[in-house]
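Right after this note come the structures.
In the two complexes below, chain A is the common chain; its partner is chain B in one and chain C in the other.
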Partner chain A sequence: MNILRGAWVILAKDMLIEWRTRARLNALLFFSLATLFLFSFAGSSDTSLLRQNAAGYLWLAVLFASVLSMGESFRIESENSALDGLRLAPADPRSIYLGKAWGNAILLWTLAVVLVPFMIVLYDVSLTMGLPRLLGTLALGALAISAPGTIHASIASNARARDVLLPVLLFPLLVPALLSAVRATALVIEGDPMDQLTSWVRLLIVFNVIYWGLGFALFPRVIED
Partner chain B sequence: MVTQIIITVVVTAIWVGLLAFFYWGCERGVEKPRLVGTFGILGLLLAVSGEYYGLFVAPPESAMGDVYRIFYVHVPADWMAFMALSLNFVFSVAFLFKKNWRMDSLAEASAEAGLVFGIMGVCTGSIWARPTWGTWWTWDPRLTTAAVLLIAYGGYLALRRFVDDPEKRGVWSAVWAIFAAVDLPLVWFSVKFWRSIHQTQSTPETIRDPRMQWSLRWNAFAFLFLLIFFVMSRYRISRLARETEMAPPPEALPVGGHA
Partner chain C sequence: MPDPLEGAGLAVDVQDVSKRYGRRWALAHVSLQLRPGDSLLLTGHNGSGKTTLLKVLSTTIAPSLGAVKVFGSDAKVDREAIRRRVALLSHANYLYEDLSAEQNLRLLARLLGDDAQAQVPTLLDKVGLKARAAHAVREFSAGMRKRLAVARLLLKRPQLALLDEPFGELDPAGIAQMEGIIRDLKTGGTTLVLATHLVEQGQALCSRRLHLSEGRVAQQ
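Here is the complex of A and B:
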């Protein structure tokens, strides 16, 4: 119970910092919008091709933004050694992890949701299975990125060349989560005549359980001194 | 069935033996570089003779002809990569629990050796695929997983280069290695699942000719000795590097008072 309370306090603190400026979310939004546009330049401007790959493009835009976002979430703690202050507080270090990871997940989910209308307009897709299912899939995917991402961001933020290091550490490990998020989102967009959505969503939930469990167990070792 | 059991027992025994050998033997190699070199020379001799056997003595394969002979490099290299990377996981867990510096150096050494063998396996596989499948690369689950694995452990080595504090380097890379070891079966599973919705690809390799079997085994042992050579010499370098890292600069030695 104590852990959850601590996590909530940290989450509220981070959200307040974010809300005061809204700088991070705005910058991320424009960054991922640029990415969405760039994807259309990478291939031909063939609309049917873009529509087919829309789910993949959306998730890649979120993934690229996530690296910047999660790196930033620990950079704000390295100013004035704020992380040391957090560690000195009488709270479980695991609540730092939960608070940070929830915060990252919320931010990523918000970003993904804001990108959806742009995806619909730019790539000419229709949400065959409705908005609620899409929002749920996006939430599961955002959670699956942020759980390992928060751990690796806290590692990379203290290393040299952290901006290069985080994607190198994170991207290969995110393959299963990304793959199932893309497949699930594509099914929600295109319709699911073969009923494959359930199995992809179930897979995504399994990854979430494993990632959050590992992160929860290992994070105290990462920030100890 | 019986051969299956025998092979499983032998492979497990080799794996455990390797683990024990590195655990107790790696320090010995630091004092005696010649001992380490002996493994290298032995491995090289075995590999040269094994490849000679594989190239000239073993018969050509009925369907693939001579192209298949690259297997005598490809298969042992992949086996050794798997051995080394699974040892890396064991050493990482051990370091996290016991903070034994030997484990940290062994984890680094085995990851690096595993990466070398893994790259060798993927490259030889790609060369083989060109004449056999008609393409350098296909998005088969096994290939995709191997590629993801190599990129991931490249990141591991980069992480180790970018952290200066030895203690943090050890803990962080161990945490990452545990994540990777749990994650990589998932990558394999998800990629397979993704592919198998559309098609199943099966290439059952049944080797019946005893000359082929012995050639493969001979080469596997050659690569095993090379693996020992790589890990031990890499351990030696890592160990010496940490000694210099941790040694205090001469003027910082305590002069008096509380030290």
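Here is the complex of A and C:
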């Protein structure tokens, strides 16, 4: 079976499970909203400082939620050894990787988009460079978290301390992506008089190319014996 | 005297296979040959290595030592070719709890190709789950899950069916139905490996027997 067609089948399956239960998206939404609120309480009461850090708070909320989201995406595969069922179907492991990573990215992007209005209200920010640029930046950031996140979630899913292991493995890797996503989002919010946005977006694209390539190449080794 | 199976088009050719989990050898120097259409009863106490052998044959796990060929394909080199021809009915049922019975089968059918889609309603009817097709697997009893797992196996139209305790969790009617399904597979020329503690039922369905004890072939 064609790798992309197989990936589409896996993605459709994950979206269908999400739609039937809606458990993951609801939990993520409330968790991320609580995180945004807590940042606004824990941070300074100075609104200019909150505005300055808004992009960072948004991405930290998405990052923390991503650990729950990607862990859950492999929990449903562990239940009844469903992942073995996919392997034996047989589905190409690269299709499984792409399907699950796309699904994770879509979920994180949706979550980030839903959080934006709350960020605007809580931190009193405006989108100086417009919504389309923000949506594009959020998409690149979600893809950048999902590519290494999916492969590490599959590794952690077999470990005893999986809930601790995933962030320990993932967060150090994501520093360049997080830095780029925060800076790019901050520029979209505050404006970009020095024309720096392109550089940060390029860095995000390079990160994506590297980690989607690595995930595609390494995932078969991760899930086979 | 030359081995009569040597050079033949074997369905299963296991050569001196061992599998180690940590320090424990779950399989030790197991060899086995099956011709297409053969049916093998696999017996042994709990922990004797039956499930491990079935997993090795299905390529779910790789052996630590030895060589496995299924229909001429080497399990180390071409797992996908083996997986296309083999189906495993295991203790794990490979089902998604939050999908319905029909959605679980349709997922597999999509991975297998368009021809399989048309079989889904027929198979749900065959295993007695037509009325519950739209219900989530989470609502199913253990016996119903087993029936759905059987439908999943049949959907693949396997040339080698590996059945691990196929009668477990089934009521008497289900057991009789399962026996019928196994007979149909045999009649259709499917090579069978059946692991069960119900030796009498197994012997009635299989032409050969292999007894495992502590991972080794004790009797063949």
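Operating definition for what follows: the second predicted complex is superposed on the first by the 224 of 225 C-alpha atoms of A that agree within 3 Å, B and C clash if a C-alpha of one lies under 4 Å from a C-alpha of the other, contacts with A are read in each partner's own complex, and residues count from 1 in each chain.
By our rule, a contact is a pair of C-beta atoms (placed from the backbone, for glycine too) under 8 Å apart; a residue touches a chain by one contact, two chains touch by 3 or more.
Model, not experiment: these values are computed from the prediction.
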item: Partner chain in contact with A:Arg183 - chain B first, chain C second, else both or neither; value: first
item: Which superposed partner A:Thr21 touches (first chain B, second chain C, both, neither); value: second
item: Winner by number of chain A residues touched, once chain B and chain C are compared; value: B
item: Touching partner for A:Val9 - first (chain B), second (chain C), both, neither; value: second
item: Touching partner for A:Ala91 - first (chain B), second (chain C), both, neither; value: second
item: Chain B versus chain C as contact partner of A:Ile151, first or second or both or neither; value: first
item: First (chain B), second (chain C), both or neither touched by A:Ala82; value: second
item: Touched partner set for A:Ile120, first chain B, second chain C, both or neither; value: neither
item: Contacts on chain A seen with chain B and repeated with chain C across the two complexes; value: 224
item: Footprint of chain A on chain B - complex, ascending; value: 96, 148-149, 151-152, 154-156, 158-159, 162-164, 168, 171-172, 175-176, 178-180, 182-183, 186-187, 189-191, 193-194, 197
item: Chain A - residues contacting chain B, complex; value: 148, 151-152, 155-156, 158-162, 164-165, 168-169, 171-173, 175-176, 179-180, 183, 196, 199, 203, 207, 210, 214, 218, 221-222, 224
item: Residue numbers on chain C that touch chain A, as the complex places them; value: 58-62, 79-80, 83-84, 86-88, 90, 92-99, 103, 107-108, 110-113, 136, 152, 156
item: Residues of chain A touching chain C in the complex; value: 1, 6, 9, 13, 16-17, 20-21, 76, 79-82, 84-92, 224-225
